[in-house]
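These notes open a run of structures that come right after.
Two complexes, one shared chain (chain A), two partners (chain B, chain C).
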Partner chain A sequence: MANVQQRQTTTPPAGRISIGHLLQTNGTSVRLLVIVIALFVLFSLLRPDAFPTFRNIQSMAFQASEIGILAIAVAITMLTGGIDLSINSTANLTAVLSALILTYVGPSSPALAMVLAIGAALIIGPICGAFNGFLVAYVGIPPILATLGTLTLYQGIGTVITKGAAIFGIPEFQWLGNGEIAGIPFPFIAFLAIAAVVGIILSRTKYGFEVYLLGTNPVASRFSGINNRSVLMRTYILSGLLSALAGLIILGRTNAARVDFGESYVLLAIMICVLGGINPAGGLGRIFGVVLAMIALQFLSTGMNMALFTSSGANFFKEAAWGATLLIVLLVEYFSNRQRQRRISEK
Partner chain B sequence: MPEVFLEANHISKSFVGVQALQDVSLKIEKGEVACLVGENGSGKSTFIKIICGVYAPDQGEIIINGKTYRHLRPIDSIREGIQVIFQDFSLFPNLTVAENIALNDQVARGRQLVNWGTIKKIAREALDQIEIDLPLDATVGEMSVANKQLIAISRAMQQNARLVVMDEPTTALTRKEVEVLYRIVRGLRERGIAILFVSHKLNEVQVLAERVVILRNGSKVVDSPAKELTQEKIVLSMTGHTIADSRYEYSTPKTGQPLLRLEKLSRKGSFRDISFDLYPGEIIGVTGLLGSGRTELALALFGSHPADQGTIKVDGQAVKINSIQDAIKHGIGYVPEDRLTEGLFLERSIGDNIVVRSLKTLLNRSGMVDAVKKHTEIQTWVNNLHIKTSDPLMAVKSLSGGNQQRVVIAKWLASLPRILILNGPTVGVDVGSKAEIHGIVKGLAQQGLGIIVISDDIPELMQVCNRILLMQRGALVESFETKNIAEAALADRLVETIGGD
Partner chain C sequence: MATLRRLLARQEVIIALTIIILSIFIGLVNPSFFSIPNVFRILRSGIIVGMFAMGVLIVLISGGIDVSFPAIAVSAMYITVVFIRDTGIDSLVLSFVVAGLIGLALGLFNAFFIALFKLPTLIVTLGTLSLFRGLLLFFVGSQRIRIAEVSPVLSDLSRGNLITIDNPAGGVANLHIAFVFLVVLAVIVWLLLRYTMLGRAIYAMGGDLEAAERVGFNVRRTQFFIYGFVGLVAGITGIVYCSLSREADPFSIVGIELDVIAAVVLGGASIMGGRGTVVGTLLGVLLITLISSSLVLLGISSDWQRFVVGILIIIGTSIPVLQLRQRQRTQSAAQAV
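This part shows the complex of A and B:
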């Protein structure tokens, strides 16, 4: 009886991280990969002229990257059993401050302005994150409430600075949002690089190991001598940093900074995480799943637009389709878990 | 021939990897006080959960009032008048006494509107039934354990209980409160209500029970009138062996520095003026009632709830222990009381649970976890502590209690502590594993660790420790060398001290 296979949640042995291993140990990834391929085939059949083209794939890669980075920011906080709702406010506040630096310093010395703007972003993001971390780890406010508060706070600070107006015309950052290397959009390269680095941090470092354990059982991690506060602080600071990077990419892509840009991004990022197999209760999930989930949703939204572009309301239908996909994946997950539990108890 | 109220026939139940109950049959007559006795892990709790419908038995049937149930649901059991007073009482701490007693009834009747007058009337009547007076408007969360228990019993009475099951009801009660409980139990019996009293305290069994049923490793080994049993017979039946006098031989002379020295250590509201020395190779037992400050003392040494006065010296140096990290820095490890919530990451692998403390020694030069080192470390501890698993990548929750406890011990040993505090090291561990864990602990002491074992299991302390400290209401009241005292004498001394409350 003791050899009944339980769900394995060990991080895969280092040096053997391959797609194959991930699939073998993670049913969620397999399911998502199937969904991604199925969606690609489906829309390619429906719109063979438009969907499977280089231009379309390039365009999808542009669109998906910033939200993908924000989803990773949410994912790491979710792994600790928390959440970060302030990602988008942090991104916008960063974008606004960087844009201001660029507009004031840019005309006289563009190079200095670039350095200052990026430097400011790399400082502001972590500060926003550190404040979230402080509220969660030291004050003890539930993450969902703490970051709901700072969502409004950071947005409010941005509004005070800009008086609500958008800041336009920042040519220096165009490459960051719209550039490409060998045909691959720069934002997408940034997204993949971030996903890879965060993925390695989570699966191969002591900090990553502690994130998963803290998310699994915060009491046991405390009693095991893990410094929960420090782990939480680092996680929210990292989340803030990633949000700031997303903010820079948004600034470059839209050539503008607005405090209320992309308000639907927060819920979308959470949805991508959950779809990607990140357990909102903490301790379970991989960044690889988040990447797949993001690709799946992007296929769905672009494909749906193309398939239904003649009919009115295609855009509304897209959101319904996202919601439906999320529910279907969650249901499949739920039932396969229950099945497995039953198999175990029957033995 | 007295009427049988409940009959359980050939009940078997197994969980993943564990046969919790095996072919257990039991009859409870109306108005009878039966005691269900057994060690931790003997299947007592599983049996209770089966007769109240929480678990479905794998085999067997339950007959209540002549009606046979193959699938007893909790609602059936309640309708038949079976009421269980669990150790946590299942009360709503934020509601008042009256609400707690009467709400179940109101919910059961499907009432959508609440009539406060009726609620108070119902509650008053229920309290009258057991001849107890409590303020109806007081919030339950603020009441003492004993009063909460009385409320739970009243609630059971209010629901027309025919059989009241009490799961280790005296664990947290003072002697006076226990007397009140005994009186209530006798009162219930006179009204024809059967009582199933679950306990492992022998003196209670002999005072209260008319019949004693003993479970061992999931099987019924004794079912006979209490008069025919002696304490020795009960112990023998519970453990399956007479307790061998294999005490821990502490031979190293107490010369040189003590590993740990406490000088008048106090924490407001928890314990005061605790002083003792722990030498390398010593195993000190700390015992006392729940609330005596024994766990609080351990948590203070582990930095989780730091002491506010007094001195802790490690190797003769005064140290400050204000956080768990401080305690670890000074080589202090802690195996917590509640293995499942405090000790283990249940969903994670056995391996991950073992290396959590030692991970920083398993990094390669670039700061990444070295898979080979990690694997070797895990195998080493699985082998050293004989953790029975085919694959350390399996979730730790797949292990039995005894093996889980070894994982928690391995976690600490992997970080090479010098002082190890074990709180209730064998709670919920089967008899065989218990002896092996005792062996592990003794072995560690012989290697020069200083060990503190906190437990209310007197035979355990007698076997494992060379010295036992008795705590009462936050103070250290007595110290015994185990070689100078017989087990029975210590038990008597404990009862005496505790009775003084």
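This part shows the complex of A and C:
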């Protein structure tokens, strides 16, 4: 209910809505930027020998990219007021099918196999997304349930195909997961490119405007002539496509495809979105925030590892630190929202 | 005809029919399905999901969602077992009390964020899921503990049987004693939802939070109860889990959350809140357990399990939505006349 009130008081009149969004979410971006810099300085002081080195920054960029792409996939669905829990299943299903194509066609004609594998990924991802979109927009199932169902279903399809086993030894995709251009990891370039494209789509196109409006108020968006169903369909298809790209990168980086790879990625991606200022109720947030949140979380994970020395214990502490960070950010947002509301009502 | 249609409009009836038809089908293909040992085996494998489901049901009815309960369960379980190991105090009642209290405390921690700051329940519990498990693994330990080595009492519980029947095919068929916990818990939740003001408050909140507040329900206090209760149930389920699996593994349980939520939703509880019953939830748990444990009897590889469950969730969640739309259409048609 607090959300409704907040919208009534802070949403500017239509026409100026994008400027309003920018002003509203800039607070989050600035805060995140401060956190990112603070974390970098903190860990650089704690481990000046290891943290601020080129090697470390490069390895952090490798690790963060696939989860960052998945987070963007979740973010766009969250902006419409929905969610996509099936991202990781879609990524793994894509990786499995591409890996199969590479293992069967690869030996005879590597080039053809490569084209087929990428082509398959670019088709399978959007199909998975379209099915999600169909369930959400046309059947009317709440997104969290629809994608909980498809999470299980896509994983199930992958399990039936692979009989639950991992597919190993796909050297053709190494460049995608482990390659670098001028020292910058290829996955990270892909991530930045995706973030930029999605960011521009959301802030500069008619579709992007419709996503924000739908997320802010679906009834208002319908009455202003927007085809809500079509917007939802396109959003979930895009989410599926991004998941498939993450799947290809995972395939390249790990040199293997497994249906149950990275089960914690779903929750992590949602966490990154919320940290990045994407409102789970829809309509608020920017991709830039998601990028910053991802960098902050990666600094936190790697920095913890280095500061605590022990490798296994630090992993667990990292998990706790993620959770604590999320809760603290939620509280900070809560209090800053309340302050803003008070200021507005004083006016 | 009208009564039949009304019956079929209930998700419980549809799920029950599905279970019956599926059972007959499995039984025809493989007669050993209807043997008592097999029935006991299915009931046993439903205990843990069933107990968790009772907590999740209450949260869903109230319009929230909790994904942190497996982390609460594993924390309560592991800390309690470590407590028994380090103090040497091996008492069944005490271990349940300790686990229950740890669960309750962690549940109230969730409630603190949800009730006082009105933060989204999915996001809060997502955060506490990481937090609880991370703290457990970092501060308490990450080693597996065999129950038989530290607690003879819990070890006895793991071998306890409620019913022992001579199996005509040889040997005996046992129903595990932990089944009692599920039954007792289900009865408590059923009474709570059906006959208490608290139960009314939970349904009212799920229907419309603001309306519930305006008619005078104390939403904040009810939320403290709900998430505290889920924590308590999770803590106790954690102890039952380690006694069933005969070891306390700090990496176990987490990961079960989506399966449990799926079972509850399949049983007719709405994630939008305001709807859901104990009977429906138990049927949902039974259906999922049945499928997980009986595909092999049908000669189908267990690889198909996730696939079938996924299809079931999608169908199970479509039905109520489509029914609602049908009803609205009939209503507006009636109004037009």
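Here is the rule we use: the second predicted complex is superposed on the first by the 318 of 347 C-alpha atoms of A that agree within 3 Å, B and C clash if a C-alpha of one lies under 4 Å from a C-alpha of the other, contacts with A are read in each partner's own complex, and residues count from 1 in each chain.
By our rule, a contact is a pair of C-beta atoms (placed from the backbone, for glycine too) under 8 Å apart; a residue touches a chain by one contact, two chains touch by 3 or more.
Keep in mind the model is a prediction, meaning the values are calculated, not measured.
Novice: Does the superposition put A:Gly323 against chain B (first), chain C (second), both, or neither?
Specialist: The second partner, chain C, only.
Novice: Tell me which touches more residues of chain A here: chain C or chain B.
Specialist: Between chain B and chain C, C touches the greater number of residues in chain A.
Novice: Could you say whether A:Phe54 touches chain B, chain C, both of them, or neither, answering first, second, both or neither?
Specialist: neither
Novice: With both complexes overlaid on chain A, does A:Tyr334 touch chain B (first), chain C (second), both or neither?
Specialist: A:Tyr334 contacts chain C only, not chain B.
Novice: Once the structures are superposed on A, label A:Asn217 by its partner contacts, choosing first (chain B), second (chain C), both or neither.
Specialist: First partner only.
Novice: From the superposed pair, tell me which chain A residues show up as contacts to chain B and also as contacts to chain C.
Specialist: Shared contact residues on chain A: 1-2.
Novice: Quick check: in the complex, which residue numbers of chain B touch chain A?
Specialist: Residue list for chain B touching chain A: 15-17, 304, 324-325, 327-328, 334, 336, 341-349, 351-352, 356-357, 359-360, 363, 367-371, 374-375, 388-391, 393-395, 397-399, 411, 415.
Novice: Hey, which residues of chain C end up touching chain A in the complex?
Specialist: Listed in rising order, the residues of chain C that touch chain A are 65, 67, 113, 117-120, 122-124, 126-138, 142, 209-210, 255, 258, 261-262, 265, 271-272, 301, 303-311, 313-314, 317-318, 321-322, 325.
Novice: Would you mind writing out the residues of chain A in touch with chain B in their complex?
Specialist: 1-11, 13-16, 200, 204-206, 209, 212-213, 216-217, 219-227, 283-284, 344-345, 347
Novice: Okay, in this complex, where on chain A does chain C touch?
Specialist: Touch list, chain A to chain C: 1-2, 85, 135, 139-142, 144-146, 148-157, 159-160, 163-164, 263, 267, 270-271, 274, 280-281, 312-313, 316-324, 326-327, 330-331, 334.
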